[in-house]
Amino acid sequence: MTAPARHPAWRGVDAPGRAAVGVRTLRTDRWWLAPVATALGLLVFVVYATARAFEQAYFFADERYLTPFYSPCVSLGCASAPGSSHFGMFLPDNPLIPYAALSLPFLLGFRLTCYYYRKAYYRSFWLAPAACAVPEPHPRQTGETRFPLVMQNVHRYFFYVAVLVSLVNTYDALVAFRHPDDGFVVGVGNLVLLANVVLLWCYTASCHSCRHVMGGRLTHFSKHPVRYWFWTRISALNTRHMLFAWITLASLILTDLYVTLVARGTIVDLRLIG
Amino acid sequence: MTEIERHDYDVLVIGAGGAGLRAAIEARERGLRTAIVCKSLFGKAHTVMAEGGCAAAMGNVNEHDSWQVHFRDTMRGGKFLNNWRMAELHAKEAPDRVWELETYGALFDRTADGRISQRHFGGHTYPRLAHVGDRTGLELLRTMQQRIVALQQADHAATGDYEARLRVFAECTVTELLTDPAGAGGHAPIAGAFGYWRESGRHVLFSAPAVVLATGGIGKSFQVTSNSWEYTGDGHALALRAGASLVDMEFVQFHPTGMVWPPSVKGILVTEGVRGDGGVLRNSDGDRFMFGYVPDVFKGQYAQTEDEADRWYDDQENNRRTPDLLPRDEVARAINTEVKEGRGSPHGGVYLDIASRMPAEEIKRRLPSMYHQFKELADVDITAEPMEVGPTCHYVMGGIEVDPDTGQSRVPGLFAAGECAGGMHGSNRLGGNSLSDLLVFGRRAGLGAADYVTGLERRPAIREADVETAAAMTLAPFEAHPAAAGENPYTLHADLQRVMNDLVGIIRTEAEMVAALDRLAELRARVHDVVVEGHRQYNPGWHLALDLRNMLMVSEAVASSALLRTESRGGHTREDHPGLDPQWRHRVLVTHCVDASEAGAGAVVPRTAVEAAERVPMRADLLALFDLPELEKYYTAPELAGHPGRGSRQGGTP
Amino acid sequence: MSYKGRFRVWRGDAAGGALADYTVEVNDGEVVLDVLHRLQATQAPDLAVRWNCKAGKCGSCSAEINGRPRLLCMTRMSVFAPTDVVTVTPMRTFPVLRDLVTDVSFNYAKAREVPSFTPPADLAPGEYRMAQVDVERSQEFRKCIECFLCQDTCHVVRDHDENKEAFAGPRFLMRIAELEMHPLDVADRVPAAQDEHGLGRCNITKCCTEVCPEGIKITDNALIPMKERVADRRYDPLVWLGRTISRRRD
């Protein structure tokens, strides 16, 4: 009898001394469903986000709605949509440089090194392991001890930057209430932007690194009641970190789609006030 | 004969529960080479099942508490049958033993000022139980397990070998203690122990001048029990066969609240903490029936109305406690009566209701593992519906007769501590007193063993003939029995459990005891013909066949003692002798092995005999801690002649 | 209610073995361990299975049911349909001894490698003062019943025998976290967690948390906080900066 090529015998659950069960996993449930769904979900976002980041058009609507994918808009190209740039324009206008090149790499880094997303893509793309007690296909496992995965430890840097970007997003959502001609207005787009920002804060604040720096690193909570209070609140949010990770992927796409469609004129932004 | 694995130690501890580990820590810290032998893996012992807490009069929650109050509570709970010296040592030393655990890394729940929090429990006057949620036993066991690892790490640093002075032999069963008849006059002293590895079935011989028995209880002889398979009375039976004696074997505690449904978990414990935290017992009519079951000796100490009982949870200074927290024997009998009289729940228990008494979140916070246990095992949400509970065999008060200060039995070099030692709890143990018992007397036994070994002039020697007899005994079940068809050990075990449950349970009569002894004699004969299939490697049928010997010896001791004691007290209730009899208070029933002189040679299950003896009278200063009227409920008049109360009342009478 | 349940139980030892088929009576309210006990009493008296408390408190009866690491005593038969075949094997990360019993000595060896609780030198027994909020995190980890299911399911050792040397496994990385968060432990455990106990090998796929019968949040509350403490020392620019400045001030 020959062992399947991808699973050389005498490794993992087939190692000498262990129970010779003969089948590498006996799981009868649909364990493959979660990793497949995760992979599809992440792929959809990556494709959409890449396409939009490089499109360099339809990112600013009604002279006040800036999509988060273009925030902060710091490319010279932002001049094509007057009023979209709140923090100056200095990056060269080049098809290979997204208008928000200042924030996007850090947001990508923040999500890539996020403890939840790490679990998600280790399981769904790297299959290490695809599901619990299902053998992984790799001959060696060094985890996050070597380059490049040791870089996952810099999640903290990305968290600090993500807080700054969230502040920028919040600013965007707030200034969107002011129309250059009509003054203070509230449209459906404002609610969309606002909801997205709140969800982004939920995701950012529920981050494990945030939980740690706010109070988790303390040994004596009793001596730091304020930080302990923050820690308990962030801990409660943190139990839903995975939920916020997915909700914000969806809310980012929906917000961007809304701004794009309004900018293209496909739909009209309904004014609720003003 | 195949070669036998041999080891030499100074102190051999049998059993790796709380008492065994504490004894081993003490012996090793005194510099002796120590081995621990246990039937399960290291860290799995039955101590993990203890939920409520560890009683110690630290006075953290109520400063009025003291060792004297704890001593009085313990004696009252045991109906004054306790070995008073053990109760005294226990009450005095328990706080130190608990504080010591903190230096090993234990993390008890805390009071607002950062000290160890203490909770209420049945029979304790003040909140006294140090606890960690409802998993206190696990905390104690894990802490001592980790202490042992710490000692091994110290040995590793010093010698390069973790096991240089302290080694754990896990999944290893001792089947016989070996003595040296050539030893000093009187009893032959301990020389070692013989056993087998459960994994391989291979024999192993320990040469050790001191053996500490810490094997726990006997619950597996009963059908409905909270005890695990390990509780087969090994220590009791080993001690008997080595020539030691047992005391108080008629006293078996039935915990009032075990699960009754589903059948597979029948007997599993529902912690008394449920009642301590506000849970109440109700019958099928919804009545809180415990108010009708407060016995005369406790009249005046318990609330008489539901209102007062409910106020007590918040204000203990001005109200009396709920009768739901009477000592365990009283509650178990009350439940038994309610069920018998037709007011039980559908599955033959009563209701324990906490759901209607506090918010769901509060229940989950205070009783997490109870919530978990009912959810997982019975699919019952205790925050929404009441639990069904009934009595379950929980603890044996009786055990090896030991010297209170050193834990030494009649056999030189043989020590005992924890549940398998007798005397400390009298006729009924208070909840929370077993965890403190095993700490206090585990340490004392380890110390006693260390002193004994240090003072030895000559190391007792093992006789090869004894080793061969012991080896042959373990292998007998593999031999074909041409005469009989061969008995299945599982069937025999089930039959034994039925006899003990039906005839030697909570309520007993003379006729039932006589019948039980007849049935036990039949079972003893059948054990000769037990046959097991397969080979010696990890064979549970074989293991059970060997444990059956011990269960039968202990069961006989319980039934014989219960037959002799013609009164009702604590964990022994005779329907034909319903009252307390002061003439029985000062007498103790002592069990010994009839053919111990021949080390039980030939007999698979040696016979036991029970005799009455006089108890040592309580020291005057301890007796003076009690009021005369209370003592008069238990003592005969002559016994109280020296009490200061009597002296003042009778003034000048000579 | 009672029915004939179909079971496949792995029988054998280190030399080899196979799944054996049995048909056993199953009654209302039973767990898998009850059925295995009936199997022992009626058909396979020498079936080796480790168990003890039968109430989910001792962590002895760890095995794999339909390929998932579970406690035999906490898996109710009602989660299966009467027609389901229930497959029971020993834990597949540890060497098998016989039938459902494995050699878990790996775990005891790892336990010894974690330095023990180190109390403050100036406190006598009885003088320990700790606030409830400060002990709660470690108390969660001390709920561990040492069933070793987390060690069994962790792919770092399950799929890689060669990692057993360098990796303590979730149970003992959690033990390090427990001591690190103990309000009175004075030892520094962070560098060793990374360098000696293999914390870096953990890639936080959370299988340990998934299988824990005590519901301990091993990954979120123990492993990730430990990784963050390592990051504090080695990878955080602000902490590094702060420490450099304060050192200069000294």
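Per-chain numbering from 1; labels A, B and C assigned in written order.
Simple rule for what comes next: contacts are C-beta pairs under 8 Å (C-beta built on N, C-alpha and C of every residue); 3 or more make two chains touch, one makes a residue touch a chain.
Nothing here was measured: the structure is a model prediction, and the numbers come from that model.
Contacts between chains trace an open chain of neighbours here, each touching only the next in line. Among the chains present, the centre nearest to the common Cα mean is that of C. Separating the centre of subunit A from that of subunit C, both taken as means of CA atoms, is a distance of 31 Å. Per-chain CA centroids place subunit B at a distance of 30 Å from subunit C. As a whole-number value, the distance joining the C-alpha centres of subunit A and subunit B reads 57 Å. Listed for subunit C are residues 131, 182, each touching two or more other chains. Residues 11-13, 15, 17-22, 25-29, 115, 118-119, 122-123, 128-129, 132-136, 138, 140-145, 149-150, 153-157, 160, 208-209, 212, 216-217, 219-222, 228, 238-239 of subunit A touch subunit C in their complex.
Those residues of subunit C lying in contact with subunit B across their complex are 13, 27-31, 34, 40-41, 45-60, 74, 76, 78, 97-99, 101, 104, 108, 111-112, 115-117, 119, 123, 125-126, 128-132, 135, 138-139, 142-146, 179, 182, 185, 215.
Those residues of subunit C whose C-beta lies close enough to touch subunit A in the complex are 10, 12, 14, 16-19, 64, 66-69, 87, 89-90, 92-96, 102, 131, 133-134, 152-153, 155-156, 158-163, 180-183, 198, 200-207, 210-211, 220, 224-225, 227-232, 234-238.
Contact residues on subunit B toward subunit C in their complex (touch as defined above): 40-46, 48-49, 95-96, 99-100, 102-105, 107, 109-110, 112-115, 117, 132-133, 135, 138-139, 142, 146-147, 149-150, 152-153, 156, 162, 199, 228-230, 261-265, 268-269, 369, 372-373, 376-379, 488-491, 494, 532-535, 537-542.
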